[in-house]
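Let me give you the structure first, and then I'll get to my questions.
Labels for the chains are A, B, C and D, by order of writing; each one numbers its residues from 1.
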Amino acid sequence: MSSKFGNKVMTANEAVKQFVAKDSVVGIGGQTTGRSSMVLAHEIVRQGISNLTLVGCSMSVSMDLIVGAGLANKTECGTGNVEMFGTTFAWRRAIEQGKLVSKDYSHLSMGLRFLAGSLGIPFIPIKSMLGTDLLEQRSEKESKDIVISEDPWNPNTPVVLLKALSPDVSIIHAQLSDETGNVVIEGFTTHDVEMAKASKRVIISCEKIIASDEIRRRSDRTTIPYLYVDAVIEQPWGAYPTSCYRYYEHDSAHFRHYQSCAKDGGNKYEEYLNLYIRGTRDFNEFLSKASNAKDLINLQKSMQELV
Amino acid sequence: MNLFTLDELMVIEASRYITNGDVVMVGTGLPMVASLLALKSHAPDMCYVVETGPVAPDVIPTPTSVADARVMHRSVTNGSLIGALGGILHRGLADVGFIGGAQIDQFANVNSTVIGNYSNPKVRLPGSGGANDIASHAKKILIITRHELRRFPLYCDYITSPGYIDGPEGRKNAGIPVPYPDIHVVTNLSVMSINKTSGKLTLSKLMPGISKETVLSNTSFNPDSGIPLQEVAPASEQELKTLRDEVDPKGIYIKRV
Amino acid sequence: MSSKFGNKVMTANEAVKQFVAKDSVVGIGGQTTGRSSMVLAHEIVRQGISNLTLVGCSMSVSMDLIVGAGLANKTECGTGNVEMFGTTFAWRRAIEQGKLVSKDYSHLSMGLRFLAGSLGIPFIPIKSMLGTDLLEQRSEKESKDIVISEDPWNPNTPVVLLKALSPDVSIIHAQLSDETGNVVIEGFTTHDVEMAKASKRVIISCEKIIASDEIRRRSDRTTIPYLYVDAVIEQPWGAYPTSCYRYYEHDSAHFRHYQSCAKDGGNKYEEYLNLYIRGTRDFNEFLSKASNAKDLINLQKSMQELV
Amino acid sequence: MNLFTLDELMVIEASRYITNGDVVMVGTGLPMVASLLALKSHAPDMCYVVETGPVAPDVIPTPTSVADARVMHRSVTNGSLIGALGGILHRGLADVGFIGGAQIDQFANVNSTVIGNYSNPKVRLPGSGGANDIASHAKKILIITRHELRRFPLYCDYITSPGYIDGPEGRKNAGIPVPYPDIHVVTNLSVMSINKTSGKLTLSKLMPGISKETVLSNTSFNPDSGIPLQEVAPASEQELKTLRDEVDPKGIYIKRV
């Protein structure tokens, strides 16, 4: 991270080029149908940055795309899930085919690993996962980030110790940021704040860049202070087809389209990647291929009715 | 008598296990439907908690996910995953938690991770999500699922979320903070509940018109304790109306008759 | 705590009577000159509830009054401190005279103990206090809430394990709350949110009770949701003479007066307690003895110029 | 040459150890004055962090405490103690931290807890506060204090905040995350800095007009390394003006000439 009050605004292309290296551990923000940084996930696919480990809680299509493009060889998460729209099919297939190592945790376990990272403490205890195969039946290929220990104040009482997790870089979508990286996430934050603070680098995509003066006038809204942030990308609709609270609903039609390609895999999935990502210059071009003004306005209207 | 489907009665029956004032950890899908029904009928002071963070929202029907703006509507806070699963659930404040999964075994252990071998899976499932946390820390665990033989094996291929593990003291021996929770599995055929003496799921109610034999032939283990079985109370007019008009008006989760 | 959406509004007298028992561990909110719940500290003194253990981070005059009145036999904190106005003299004298056991921690240690309590985890590691007498030279009368252990992922690397701390009841002053206990703290929160969530009972005093509808319309402001709160007391100026951000500045004159009594001790201190607390029916009567409308308005004006 | 007191030069000199862009953990008192001076002169992009929570405020002179609204003015967040001392300091992001205390010994260990015996104190002091955390985790530690014999004993009665403990490897052996920080003690007589070879405070600068003998006679240990000593650069007009007009205009912390 950078401690400087500098202007960190750049394009997604520049940010990914500068901060996402081959072999990185990449933190994935958002959950299921909400507030995933699709613009940054697309850019990772576009640049073909490989051998990634993707970490998060409930990882959605942003993770699935990177896995589907063959760029990840490990995930650590609680679930791959798009709820109403099914599981994350590229991820599922990669695991079933032995192409991806999945380190399985409960959601709180992942959340606490990030919390520990954000506080600079080496590990953190939890009382979840006890008695289950989340502790017993773990992949042999993985590093051992879980230890079963004893509560020093309650002898013979087992407690699970989780190793802190500090991603090399996290990609997070937010509603607002100023150009130095003071970030405002509105609505649920899931694990994003702790993950950002735990990360060595943070790239923020946001709907809108606001003046630092606006941050300072209403500082109770700031969820991630600039200290943790390295790059700020202004990308309206940057979470599409997932939703962005107060801005737009998720796009069910595009979700279903993606899911049908991901479920089928093979050529159909490659066509999706080629048409929408590899074949587009940037996220705006993707948006114009994937949707149209009328439908986007409807997604905005639909959100306005809910907040 | 009101006309209703067993799918409808399944979620209605599940909602009856929620008491007014309960703090309820809810994911998405049928648990959301059952919780909303309780909230909008007999449990108006229920506290609906979503793992993404929101606490006590006035949920707008019908959310499609835990990230949906409909579960943030007029919440008292939209919070964080650690606030919800840590500060409320792990902290011991959750009265009720819903989980789901592909397999539920005789000890009410749940598998939502893998069919087949973990290292060489036949079908990879989504994984725990918050389910393991909920099953470890909620005082009462509710499971809603359609009653099919493959869903009720003797043993799970993989235990994602703990039931009673391997017997009445299984949770205690493993060090799980809530050693003896109530667990109810509500299906379209029956209700099975944990017998705390055996640590096993035991048939307690049958859905109207369903025979014990039908349940047993759709269950790999034997949940029959031999005691006489109640019938699940039929859906009241109010319950049906609330479910159909207020909770799932578009029939997204529960198909109409 | 109560999980019910009930109306929890009551008087300070009722709340302390109901929720603060003899021998309790009492969590003290606020820091130094800011946002201490003086109304609730006064009421504890007025009711003479004894044998208390007071816990917090930087504990100020609210703690000092309870110690000075002879009602506490133990404190656990990072410091007793009123900064510009000196130390907490009654506390200092009680320790020097062997009447009070002080368990000394660093501030972050106390904060993390509350955080652990708030998450229901039995302990939490920290890398502070290593190599110092905060670990070595501890009182023999105290329970052992610190263990020096080893980082399982870095053999031979010491790490301090802190036992979670869950006060029996915490007293916290806030700007706003609704009647069910959805609390809005504005400005710095110090350890108050984690301490509240860790506590078995929480009493909130606040400047103003607002409608629940207002909480729900701006839920991004809520710092403590109602689940953790048992009683809500509306007491304007309830933090006086400490400050309440956006409402009023601290009162230097009364601070100096209190500190001179506390420093002298003996009769002069007893007179303070008798005049302002034991001899008053409630906090409003204290306010009318301790200040006047003109000075209070000036403290409000002074704050308005700062926010 | 500008007229200034050594008390003024003491905080001015301390401010010079702050580099633009540094994240600085600041309490109250003289450290606040030195930090504000740096912020308002050569380090406008310094990030001022207060242990109560506030990050990067436009501090209004002159705050009286870490809870003062003046340290929350136009901050980027007002945060929490855990956010500041945990998420920034313990996380390893603090470049500079200020601490203070009643005793500073030859290894730069600091005592702010007790004079005399811990269990049977002669004078009880306020305690660590955030000082132990700051001394354990900041990359550079600054101490501002008046130079009096009783403040510089050979050994502290009680070590509240770690210097180099007992020698060059003292911190490393104890497991402190920052094993070899810079430490500077700035007084009205001199600057003493940690010599990383000996792990001891060593005299590096003298205040204008102060002799080495004056320093040595006010210090219980011997900080003299025998190398020639620089003189602290005098206060510039700009530094004095900023200190007097913008940082402490009412002379609350530093008395006027």
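In the analysis below, a residue touches a chain if its C-beta (ideal position, glycine included) is under 8 Å from a C-beta of that chain, and two chains touch if they have at least 3 such contacts.
Bear in mind the structure is a predicted one, so any value in this text is a computation, not a measurement.
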item: Shared interface partners, meaning chains that touch chain C and chain D; value: A
item: Furthest chain, CA centroid comparison against chain B; value: D
item: Contact-richer chain pair [A-D vs A-B]; value: A-B
item: Chain B-chain C separation of Cα centroids, rounded to whole Å; value: 41
item: Between chain B and chain A, distance of the C-alpha-averaged centres to the nearest whole Å; value: 28
item: Where chain A touches two or more other chains at once, by residue number; value: 112, 119-121, 126-127, 157, 159, 186, 220
item: Residues within chain B bordering two or more other chains; value: 78-79, 82, 86, 90, 137, 177
item: Pairs of chains, among all present, that meet the touch criterion; value: A-B, A-C, A-D, B-C, C-D
item: Chain A-facing residues of chain C, complex; value: 112, 119-127, 147, 149, 151-154, 157, 159, 161, 163, 186, 220-221
item: Touching residues on chain A, where the partner in the complex is chain D; value: 1, 3-6, 118-121, 182, 197, 212, 215-217, 219-220, 222, 225-227
item: Chain C-touching residues of chain B, taken from the complex the two chains share; value: 21-23, 45, 47, 55-56, 58, 74-79, 82, 86-88, 90-93, 95, 137, 177
item: Complex interface listing, chain B residues touching chain A; value: 28-29, 50-54, 60, 64-70, 72-73, 78-82, 85-86, 89-90, 109, 113, 118-133, 136-137, 158-162, 165, 170-171, 173-177, 252
item: Partner chain D, residues of chain C touching it in the complex; value: 30-35, 57-58, 77-84, 87-88, 92, 95-96, 98, 102, 104-109, 111-112, 115, 126-134, 137, 139-140, 157-159, 186-191, 193-194, 242-243, 245-246, 249-250, 252, 303, 306-307
